[in-house]
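A, B, C, D and E label the chains in the order they appear, each numbered from 1.
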Amino acid sequence: MGLFRWSQSRSLWMMHFCTGCGAVEMPPTMTSRYDMERFGIIPMATPRQADILLITGYLTVKTLKRVVRSYEQMADPKYVIGFGSCTINGGMYWDSYNTVKQLDLYIPVDLYIAGCMPRPDSIIDAFVKLREMIAKGEANGWKRYRENLEWYRTNQAKVFNVEKWSAIEP
Amino acid sequence: MVILEFFLVLIGITALGLLYGGIARKWSARIQRRYGPPFYQNFLDVFKLLGKKNTKSHGVMFALGPVIAFTGIILSLFFLPLGNSRPLLSFEGDIFVLFYLLVIAPLGMALGAGEAANPNATIGIARGLTLMLGYELIFFLSAIAVMVKFNTASLWKIVEIQGTFPKWNLFPFFLSAFAGLIALQGMMGEKPFDLIVAPHEIASGPMVEYNGKYLGLLQLYHAIAIVVETGLFVNVFLGGGSILTFILKTFFVFMLAVTIDNIMPRFRIGQAVKFYWKYPLIISLLGILVVFIWR
Amino acid sequence: MAENIIFYGSSIALAAIGLLIALTRRNLIKIIIGLDLMETGVNMFLISIGYRRGGTAPIFDIPLSKAVDPVPQALVLTAIVIGVAVTALALTFAVRIHEKYGTLDISKLREMKW
Amino acid sequence: MVSPILAIVIPLAIAFLMPFFSALSRKSVKWVFLAVIAFNFYAAIMTFLRVLSGPILVVTAGIKPPFAINLLIGPLGGLLFLLFEGVAFLYAIFLLKAEIKEPVHRFFMLFLLNVAGATGMILTGDLFNLFVFLEITGISAYGLVGFKRDKKGLEGGVKYLILGSVGSTLFLLGVALLYSQVGTLNMADIAGRIWMLKKPTLYAAFIMFLVGLGVEAELFPMNAWVPDAYEGAHDTVTAILSTVLSKAGLYALIRVVFTVLSPQKAFLDLLLWAGLITLLLAELSALRQKNVKRMIAYSSVGQMGLVVFAFGMGSLFALQAALFQAVNHVLSKGVLFLSLAIMGKKREGLELENLRGIGRELPVTGLLFSIGALSLLGLPFLSGFWSKISLLLSTADLKLWVPLGLVLLASIIEAFYYLRTIGVFYTGTDFRFRETAFIRLLPVLVLVFVILYLGFRPGVLAPYLKGAAKELVDRSGYIGWVIGGLKP
Amino acid sequence: MTFWVIASYFLGGIVAYVLARPSRKIGAFVALLFSIYPLYALIPALDGGFYLRFTVIPYYLHLSFRLTLLGWFFALIAATLYSLSLFSAYSEKRDSFFLLSSMFSAGGLMGVFLAADYLTLFIFFEIMAFFSAFTFIREHRRSALKYIIYSLVGSYAFLAALLVINRSTGSLEITPLSGFGGSVPAVMSLFILAFWVKSAVMPFHPWAPSAYADSPHSYTPFFSGALSKSGVYGLVLAFFYIFAGFFKSHHAFGYIFAWIGALTALFAGIYALLQDDAKKLLAYSSISQLGYVAFGLGLGTSLSITGSLFVALGHAVFESLLFFVIAAVYIRTGTTMLTEMGGLIKKMPISFIALLFGIIAAAGIPPTVGFPGKWMLYEAVLEKGYPLLAGAIFAASITAFLYCYRLIYSIFLGPLKKEFRDVREAPFPALVPLLLLLIPLLFFGLFPGYVVDVTDSILREFGYLGVPHTPAKLLSGLGTFNGLAVGITMGAAFVIAFLVHAVFSRSRKVSELNNYTAGEVAEGVSMHYVADFYKFIERELHGFLKLRVEALFNWIAEGIGGLGEVLRRVYAGDIQAYLVYLILFLGFLFTLYRGVLRW
């Protein structure tokens, strides 16, 4: 099992859900200056193949639906990184009527990167942190999500303003 | 004993393929002035994928697809002589057999991806099959020039007749070899012919729904495929030699492909097919003409 | 033979005139008349075959060599009868056609073609 | 022992007694008619059996030929006699239930006259007598065609009448020409003295005969009346026109060309090409035809062309094939027209679209029609196949490759439109089963049975065909029968 | 006995026709019984052919039959396929007339294979053509007519050749042509035209797609798999027996024919890609496969002939298997359009497996029956040293991968259509042929040598050498193919791959809506990428695809029709015009004989 966990920590395929302005920080992180492939992190096209879900900024309620679906399509173990202050407390959209203020309520976030915007350095730093957490077995968001699915569902349903909600089957 | 040998070959070649992949990534990174991942990164990827839990399947065929793909590539591997020293099964089936065996793997993957009901996957497959209409023909034509000259269809014999360095087929058959190299680029799905996967257009095409261990199997398949495809080219054009030289040659051929991959944009599918039907076709036909003049 | 050439000529001419009438006239009655003329021409031809200059009626009490050939005459008698029958039938048709079509113009009878 | 002459005399006599019978009982007419035809059929069978042992010479007025009119029934005559009377008998049965426009007795009168005339044409040995019978047949046929007295019938009738009378006038002219040179009207006698004829007369006579008889034998430029008359006429009349009448005309033409005038190469070539052109033109015309009856009429013309073509080849084998083809044509066309008559009763008009699904509605009739058509276009194991293949074999024997190709082309065209028709007959599903009365199906069934029987045993017919063909080829034999040895 | 092999079908057809009137199933069952007898009689007849001449028809023409090894080979294929097709027909509840005509067509086909003289061959060829058209003339008149007209053109050309041969040699017996007076190439062209048309080799193929698509679904397997073999049979007979002398001495002819075959295989393959109807796709695939056969026959080496015969066998097995699957699917779904199906794997797994093996064989992937034939063809063409030809057929085989994938994807993979939620597996009788055909499909792929045993004997009859082989292994001068080795390795590889798959954690099946669609739920949107599947190829080959030989034939047909349309104006309906014709004809005759008629 150790081999697998080690390789999990060293091979992180990322799906960046480019919502807010944070997305613009990703290209420098990927390309030659910062080169996150050093850490085995490469962008993936579909959530199926990805290990990390990167929420790069604020989420509107409408987008949240897609995020939840994408998250549920990922295979375990999977990790979520909240990107920038918008995902923590709404950031500059703190009083907006249609953005999600606290991402943690809807999907389990393993790691937040503070800042508005966070620099590529801090993104890399977050990745390294995540690697350590995985290696130690601390990044357990996916387990939390599975265990507290009802709670998450309820939160999601509340913000979507529906009675009951499931991600895939409408 | 034989079984053990085959087993070793399988494991060795798989490891080799993964290693090639890692080195290629490093090489690409260096071309792009990046640092790049460690050379063993592909091993990590495969292990990670195989170790993933809660993989999602779309049905029996979806699950069998990667298995068939892996089966197919193992089968082709065993029918490919590894240089001069290891004929494996290549005396039981010649180059035509190998050509057909090579199809099993993509077909298996296509079948599996098909069941996923994701149009991205199917578009990718349609592209891949269409592209096949281009590169397979070119590769066949460039190989058949050699076969006509040597009057044999056995890959093992072709390797044996060529001998070592100065007598490589590459030199007399440079036109065919050049066409074959272009075909190889498409066969391995490197740029400018990477439109099967094309992550930015169709979300990695046939692999769009594959996750976890299925994706891991496909990675393994891909790793072996690298060696088999380059190995085919090496056997036909780059002469025989010990297993070490074989490995070296395949490595260089693969690196050449990766280098080209790094400096090329991507064709549209129509362009790609048309391209194959134009210049490489002419080159390979000229190669055949050369053989006829030479004889 | 040669002595009868004028009869031959005139009878053929008569038949030709009859045919010409049948060809050129549009009126059914006239066409029937043309057909009759044609028939008469042919009948005349038959008669003139048997005709001999100075011959007598073929009655058995005079030497046969002097008589005209009796056979054509018999034939013509028959042919005339037949001709009458055809003409009668044709005229019946004419009457019926006039009833149905209201005209005797033969060119109007083109219900069926091609 | 029935004298074949009775087969002419009795129908003629009864025909003119028809009004009398009608006055007695209107219903009796049909049965009298049937009885007369049955008698004719009986006479034909008897004659046919006798002919097997040798030709029959019947003299009239007790004077030996060539001085009096005589009948001569050789193998050819016997075969056709049997065929005609048999078919006529079947038509008579079919007519029992047919709807015929009043006055019925006149219809039967004309029909009897027609049969008598046609019988006379094939039995007589005298050229002028042939003309007389031709006219009897013709006049009764004009009357029959026009009998419906609607627009189409009258139109067809008058067209037929005009062309027919011109044709017979020309024929008479030909007879006159011959007579002027040889001084006799007996066919055998003329044949024996054909050397007396000057060449121009011979050719002129041939031209007159070809054009005159071509009208009845449906050769190309003279056959223009055929589709119109066939389409306009009553169904059974069409059947008898297409089967009996056309064959009688053909017989006359063949007899005149082969026996009376010697079968010169020039004549035969002309027949061959005339037949071929007739065939091609008729098949091409039928190709786009929408009215089924007219289409079959064209096909009938085409088949006549094929037969004439085969006669034009002139070899013994070709003549057999031609006769066989003629027999098959009679059988098939009988089936086609009769079954079409049955179908016509169920639908308005005989346009192809109107007949959609008729084969489902009338399954037996549809099947019979299909067998008839398939026999015509040469499906193996139907009698039409054997005649066509022997015809083609004889064509090949003479190395006539171009005509062979054209005949095959015509066959393909024919196959196309017949199969299209059959296909339409079976298109659609929701049709009620409404088969017609058995008595109306019986004649068609008999004809189809003969087609099938001959299809599996064509050899039954072979000796008779051979005899008939020999009669045509062997002129001196024919002359010998009449002039020489045969005891009356 | 040969007589009864043929007669059994005709007799059975009539009996089944009568019995199917009250109950269609009984009719089909009886037909099946009658069709099994020939199979039973044929199987042991392998040891030595026999000759039989008898006069069924007491006429100066006669029929004669004989059982040659070649005829036996094809007859056995045909008899098997026909019996199997009746299972499917049983499920489809075909009516009495279908049973009659299909039985008759099978009888005709048997007659073709067993005929000993040209006339018999022609007769049964005609019967076969007509009755196979009758199976569907009622529902699809146009395509049936098209089929029958093409067949007739071919068979009449054959008839002409027959007549020429008969005229020259005085015999109709099928023997090597000797002492022939005329032009051999001309006669040979005429002779093979019939078989050319029947085997649907280009350019005489246009009848095939529509006829295969429109014929009854249970009949199409036989139609495509067996009936077209009569064409192959005739071609083999013509090239290597009747006209063998000419064929051997004129390499150019064989070379051209090989090119025709190769291009047929390629072009038909390309056309197959673009079809939306499964049966049309398979029809073109069938044409393509027969192109391989023609190609091999044209090459004319013993290796290539063996290859051709093997491809013919393989084609009979997998093409009919594929058609049977379509028939089975049609029973449940009522459609053959690729665009209307999808996802049926979940509902019809057995059919799926059959189709899977079918397409693997059709794509020519070892170790199935599709491969050894193709392999021999490649070896043969390489041996001859024709690389371009090899390239053409290789391109053709790539198209096979393409259309095969499209077929299986469109029908069985992808999302399940709403209207097929309640579809069940096809009824058992319709599955019987699928399952039974899987046996030869795999067996002859693993042990191609058993087939080559037979073909070797056939070749020896024609004076060719055999192909060296063991039961599992084929050898050519250039290479080897060991079916069993491939099979075993494949099995082992599959075990390894499957173990890798099985070792790791179990997967969870998700609904098909659980698909990556950028977070959207694709409800009510078709996720089935199936229409215009190979649009890009169509786009690239636009100019080429416009060139259709069918247009030429249609143009000829239209021309003849138009000619008829014009010429029938002769019958103008105007009596005076008719009189004018008469006068003109008189005038013409007088001018014709003007030399003679001078007084």
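One rule holds for everything that comes next: a residue touches a chain if its C-beta (ideal position, glycine included) is under 8 Å from a C-beta of that chain, and two chains touch if they have at least 3 such contacts.
This one's a predicted model, so the numbers in the text were calculated from it and none came from an experiment.
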Pair joined by more contacting C-beta pairs (C-E or A-B): A-B
By mean Cα position, the chain sitting nearest the middle: E
Most distant chain from chain B by Cα centroid: C
Greatest separation from chain D - chain, by CA centre: A
Separation of chain A from chain C, taking each centre as the mean of its C-alpha atoms, in whole Å: 114
Where chain B and chain E are represented by their mean Cα positions, the distance between them in whole Å: 35
Intercentroid distance (Cα basis), chain C paired with chain B, Å: 98
Per-residue multi-chain contacts in chain E, two or more chains: 510, 514, 516, 568, 571-573, 575, 579
Shared interface positions of chain D, touching two or more other chains: 158-159, 162, 166, 227-228, 285, 289
Touching two or more other chains - residues of chain A: 46, 48, 73
Every chain pair in contact, whichever chains are involved: A-B, A-E, B-E, C-D, C-E, D-E
Residues of chain C defined as touching chain E within the complex: 19, 22-24, 26, 106-107, 109-114
Complex contacts: residues of chain E adjacent to chain B: 342-343, 345-346, 349, 352, 356, 360, 363-366, 371, 374-375, 378-379, 382-383, 385, 387-388, 390-391, 394-395, 397-399, 401-402, 405, 408-409, 413-415, 473, 476, 478-482, 485-486, 489-490, 493-494, 496-498, 500-501, 504-505, 507-510, 512, 514-517, 527-530, 533-534, 536-537, 539-540
Touching residues on chain E, where the partner in the complex is chain D: 56-61, 119, 123-124, 126-127, 130, 133, 137-139, 141, 144-145, 148-149, 152-153, 156, 159-160, 163-164, 166-167, 560-561, 563-565, 567-568, 570-573, 575, 577-579, 581-582, 584-586, 589-590, 592-593, 596-599
Contact set on chain A toward chain B in their complex: 1, 3-8, 10-11, 13, 31-32, 35, 37-40, 44-46, 48-49, 51, 73-77
Chain E-facing residues of chain D, complex: 158-159, 162-163, 166-167, 170, 199-200, 203-204, 207, 210-211, 215, 220-222, 224-225, 227-228, 266, 270, 281, 283-289, 298, 374, 378-381, 385-386, 389-390, 392-393, 395-397, 399, 401, 404-405, 408, 411-413, 415-416, 419-420, 422-424, 426-427, 456-460, 462
